[in-house]
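Next come two complexes built around chain A: one with chain B, the other with chain C.
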Partner chain A sequence: MGPLIPNGIIGGGWDFVIALLIGIAFGFILEAAGFSSSRNLAGVFYGYNFVVLRVFFTALIVAMVGIMYFDCLGWLDLSKIFILPTYLGPMIVGGVIMGFGFILGGYCPGTSFTGLAIGKLDALFFTIGLYLGILVFSVAFPLFEDFYSSGSLGNVTLTDVTGIPASYFALAFTVVALAAFWGTMLIEKRVRKNMKQYKF
Partner chain B sequence: MNVNNTIDNQPKYINPYLGGVLLGLLILLTVYITGRGLGASGAVKSAVVTTSNTIAPSATKANNYMSQFVSDDHSPMYTWLVFETLGVLVGGLLSGLLFGRVKKFRTDHGPNITSRKRLIWALIGGALFGLGSQFGRGCTSGAALSGTATFALGGVIVMFSIFGTGYIIAYFFRKLWI
Partner chain C sequence: MNRNYIFLTLLMLVLAAGTVFLTMDDEPNQVDPEILLQEIIQPTRYVSTDQVAKMIIQGDPSLMLIDVRSEDDFQGYSLPRSVNIPLDSLLTADNLSYLGIPGTKVVFVSDDDIRADQMWVLTKRLGYKGTYVMRGGLNCWMQTIIEPEQPSDDASYADMETYSFRKGAQIYFTGAEEETSDGAKVEVQVQKREKTNVALGGC
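Right, the complex of A and B next:
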């Protein structure tokens, strides 16, 4: 029963080999889907290319529903998987700062690595920026240490907070995703008609 | 028109829904094997901590943030996410080679800004993203995607904050992209 490494079914020595292989698959999928181009990524905010929404939402609902099935079939012990801890205020602020970073920089961290891998200089500069941003955060940490650890709710899931079963959330995300796929297809068609050029 | 690729002549990308299914299955597999999802910003954090620990070890240990990631028996680079990220670079390169997108260094930019300006904005955007990812306990892959996929409240908050902010401010920065 999974998760395999935490349950000792695969030895910890394989950790980094598995990390490398999973990373290769991750990078390959991102690049193959067009995430190595900042113009493709920014398109989701301007309506000319919704590839981000399509890949992101599809991945999300496949993983969500998959995890539900794995749990249901007894393949995965959900009590042993990592649940991202929630820090209310810091996560909202962090998300807003990342939203600015996305619009200004045109990438997010994972996608910038794939852009870098195929020779995009803007991806290189974005990655250097990432390094500098995290460096500034780390060095200046004493200034916002209190805020950083504020609003802690622990490692809570949506179900812990609302009492609504996870399967309802999976269903809701799926319905919203399908509606978004259809709606954005129409928007994209209209926007692209008015675009004279789109250089990748 | 002096354009390399028009919209009718796109480079070969895989179908986005196929890409999404593959990525979703990869997250599922990753959770099944390791008990955690994917990530990206964590590797850059490891690089920052490693640099700091090499230049100023005592200051790094005195720093309440970086000291969490320093250990006596191995380098801060010896983490799961660093190896995963090396994989991302290799995987991106393999896909680029396969689909003919590995070319000499070039810069993507909107039609209304120069490459130079684009690079400056990319640097600023990257710095903001890096800063925000520390407050958010992860970026688009670790928090928004893997967090939400495992039904973590924090993942959903980060996802809506990133994309919500993006849509709110997109209009004001449209000159960068359209």
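Right, the complex of A and C next:
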């Protein structure tokens, strides 16, 4: 059956409507999970709050295992799903820059908008910086264009690269995620005992 | 609270372990023979050489011409804006990326219908939409666009229209000189009204 638009079940014009609905839902969940507070978010780096890790890991493993069952039941054709092309070097560098910005600013791009939506001043400055960064990137793009498009592996999945079936990765990742849930809960308890309680 | 966490953890583990036993259907989706038959007998999967010529002349951005002949033949003669994908190299990822782009019409061109038809069936089996075959191939292109045959004098208006379009297309594609028709050579005798000195009245 799915994906709905490539299979012609609904028209291509609906993608913006669907994007809007998913965007609203995503923003709502981010805010409800407490992601509009930079202290909550940055806590993951200091060890007093792992809500980011838990929420994203939950979303990830539910979606991952879910689409595998959808594929098996014939509700979703996994071969028609868009896979982001992999650029090994640029992605590692991008990840480091993103993580650095996350610690420094206390937000990631998506959560900065949820912070902005409830009137957080730090989120306002973060988003201003975000747009300045986009501007600088666009203007300076020719300088690092070669690096930007280097190391392309194409639209590959781990299964394509290693030959190990996707379900093994799903199982391994789920075990790691669940271990992380319980592990971080213990760390949180220990760290919070020794610090004054923040109000978020 | 903790009991919920334990329950959800176990549930997630069981579900994830269950994926190992799923039979993943790795076969590419193929068109059902019945549907394929219905599409094969549809005349709409063909486009005429006139339609192709018109789209090339108008610069229709939705047209994607794919020449399925060998590279040598393609170097020898090819339609403008066409891309060469020989039949035997269809299945490479680079070549498949030309297909299945929403809003584009992929038209297969070969010397005749046969190889283009084979290509069409293969792409249908792969599940691509919006692929067509240029009817008659380049042989027909030569006969209709490059050297159009003049219809007889008593041909229908539609035939004459087609012919005049083809003549225009011929000039576009070959740069042939426009033939001036006999009608243009007839001298037109202009009869001027003689001037009269007498005022003809009126205000």
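The rule we apply is simple: the second predicted complex is superposed on the first by the 199 of 200 C-alpha atoms of A that agree within 3 Å, B and C clash if a C-alpha of one lies under 4 Å from a C-alpha of the other, contacts with A are read in each partner's own complex, and residues count from 1 in each chain.
Note that in this section contacts are C-beta pairs under 8 Å (C-beta built on N, C-alpha and C of every residue); 3 or more make two chains touch, one makes a residue touch a chain.
Everything numeric here is computed off the predicted structure, so don't read it as measured data.
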- Query: So, A:I61: does it touch chain B (first), chain C (second), both, or neither?
  - Reply: both
- chain A residues touched - chain C or chain B, whichever exceeds: B
- Identify the partner contact of A:Y48: answer first if only chain B is touched, second if only chain C is, both if each is, neither if none is. first
- Could you say whether A:G12 touches chain B, chain C, both of them, or neither, answering first, second, both or neither? second
- Which holds for A:A166: it touches chain B only (first), chain C only (second), both, or neither? both
- Message: Contacts for A:G151 in the overlay, against chain B (first) and chain C (second): which applies, first, second, both or neither?
- Response: neither
- Message: Quick check for you: in the superposed arrangement, does A:V175 touch first (chain B), second (chain C), both or neither?
- Response: second
- Where on chain A do the contacts from chain B and from chain C line up? 61-62, 166, 173, 181
- In their complex, what parts of chain C are in touch with chain A? 5, 9, 12-13, 15-20, 22-25, 28-29, 93, 102, 129
- Within their complex, state which residues of chain A touch chain C. 8, 12, 61-62, 65, 68-69, 71-72, 74, 77, 79, 154, 165-168, 170-171, 173-175, 178, 181-182
